[in-house]
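We call the chains A, B and C, going by the order they appear; numbering starts again at 1 in every chain.
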């Protein structure tokens, strides 16, 4: 295991860079389906990184992450559809709008709920997620362009491999910089012991809010990218199961572990899609029988997640300088 | 007015079914602090057992209930043994994720053609439906059965928890399982029995649900499961009367929303009430706050 | 008078945990608080630091009322505490435990942290120096990379004190700092408490069951029983006070809890 990790440390980024160069040069040599899957994995990784910030680092149990992902997706899609055409600049603005939209909604829901503790916060966010799903289902009666339960079509396909990779890279660097700063340490102290943190001068509510809003903003960004990847949005893309998906990624990778989230996101998406290809068509429904079994076995064998506390070097902090 | 009373009665009907499921959540959470996400799927299995008992084996109604109770109790106990017990000392999130995994597994495994199958199946009526009309309000014998069976189960549960040795052991384990173990309580057995009790209630709920809303599918447990759990939290998790109260509120809110607003907002309003209640009273209506010793 | 507690009361359910507690702490003073288990000493700490809200009474620091303020606001006014049942950030390194307590004096903004500006590196360096300095005072500088939960019990108590000092307090509340220590260690701890009081110009209020420590270093002693102050005064007065002997010393002095 350790050797494998060391090898990955050394060659992982290199291989990634090389692979990207290859992809960029010869997009036609790889099945476009797999390219799309790769982009999806980047997008899911951004959203999971957001949830890791919320749950893994700040210790706020959220079961409604997909709702913020959805807010970001619909906001970005609406901006792009209304003003964008095919402009890259408007696309960037749309992504920012998605990010901001999710952050604002997170703030509004955070004000009443972030005072709740552990499981109760989980239930409240679960409830919020379901409320948002109901809202997405009925949203066409307020904003017809968003399509409601019929789904939203006609979104420009703007998300490309470079965009997905660049935004994932930026998100990783930002989260890393935050975590290895005084502000990040404040967030982690809340996860570790709220009472002690407060007594040591950490403004609990403000820090919780900051962590929550930042994590949801990442979900919003990821939602915006998602909207412009498949060019179609449906409320079922943002239901309870999608919230559970990201939570599973975060826990599988290891709570409060960015490297783990990254690997688990790619592993998760490629496993899902890989099984679709590997399994013969008549056994395709076994996919969802196998995945939960793998999940349960992983938890039984490694309850602390696959990665525990180890980080890739470029994501780890420096205790000595 | 008649319309309103009629809706309230319909709301009671679904509320009572939710109550049976909510009790399982509350019992299990009270004792091991686990949100057993797979509980809604135990309810689904109960409905399918009912379906097969009636359709294939033509069992009398009491035997149908017994089969569902037995099957679901065994299933819940097996789940606990295989998936949750090994993780009792692990971080709580690990068992939660395992519960989610268990839930997905039950849903998709039973959806295989070799098991229950992926379609919607109609649930056979084990008896003819009779309706009574009182001052413009319709009552059915289905509703009567749901009320009677649920109240019986509640009484029985109350008896078990507060009047038997097992019940006392359950309360002791729920309060502090380490100490209870030191006092000679067989903790594993008590936890097993709690799961069995919860499963049994869900089995009854599944059959009643099948009788009242005669269509079953392997994903039918998801929404009632979430709502029943929400009901348990709303009422104050760990509290038996709380779970029933919460379930009745959930039942009313969704029926009345469907009746007066729009059925598409049904689920939304129920959860809006949940958030409002939690903000007002963070441990639910009848829940007691545990203050942390500092 | 830097801290004044007046008429403090607090109920848990039907139990009166505090029933009108009055005492004060002068600038630079070192006061001991003693009393049998369950007499309300830790509850006083919890109310002063804002963890519990009192049912009545007031706490003022330099004239500023503290009741109703949140724990972090009270900390930023200069009050800090340690905990009877040690509450370190167990899964974090020794270094991080201290650095977290430096957060309220952080000298760069979140944006600067996200972009890792020059100011960020400089300020982080200063935080590191400060934490190292505090760790060296408690001789834990060489264990800075270890997780707090892996430290031996005595070192965990020391780390809690170092962490508390990192918030730059004026008032330090110590909750049974000598619990579980042997006589030799208690002697060293007494030295240490005197030393940090001088060095950081602290006013200290400490709860302790070890009579040798309380009698040895405290200028004044407050005795509590059943949520009330039953005696206060210099150590020798307390030693001879019949009510105290009855309530506390009579049960066998030097008990620990």
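Just so we're on the same page, a contact is a pair of C-beta atoms (placed from the backbone, for glycine too) under 8 Å apart; a residue touches a chain by one contact, two chains touch by 3 or more.
Keep in mind that what you see is a predicted model, and the values were worked out from it rather than measured.
Taking the definition of touch as given, a chain qualifies here only if it contacts subunit A and subunit B alike; those chains are C. Taking B-C and A-C together, the pair of chains sharing more C-beta contacts is A-C.
With centres computed as the average of Cα coordinates, no chain lies farther from subunit C than B. Taking each chain's centre as the average of its CA atoms, subunit A and subunit B sit 32 Å apart. Inter-chain centre distance (subunit B to subunit C, centres taken as mean C-alpha positions): 48 Å.
If you average the CA atoms of subunit A and of subunit C, the two centres end up 41 Å from each other.
Across the assembly, subunit B contributes residues 294 that each touch 2 or more other chains.
Multi-chain contact residues of subunit C (touching two or more other chains) are listed as 51, 83, 87.
Among all residues of subunit A, those that touch two or more other chains are 195. Put simply, subunit C touches subunit B in their complex at residues 12, 42, 46, 51-52, 83, 85, 87. Residues of subunit C touching subunit A in their complex: 49-51, 70-72, 75-76, 80-81, 83, 87-93, 95-96, 99-104, 106, 108, 110, 113-116, 120, 123-125, 127-128, 144-145, 163-164, 166-167. Residues 112-113, 115-117, 119-120, 122-124, 126-128, 130-131, 133-135, 137-138, 149, 195, 240, 244, 247-248, 251-252, 255, 285-286, 288-289, 291-293, 295-296, 299-300, 303-304 of subunit A are the ones touching subunit B in the complex.
Those residues of subunit B lying in contact with subunit A across their complex are 33, 35, 83, 86-87, 90-91, 93-95, 97-98, 100-105, 107-109, 111-112, 118, 222, 226, 229-230, 233, 237, 262, 264-268, 271-272, 274-275, 278-279, 282-283, 292, 294.
Of all the residues in subunit B, the ones that touch subunit C in their complex are 291, 293-294.
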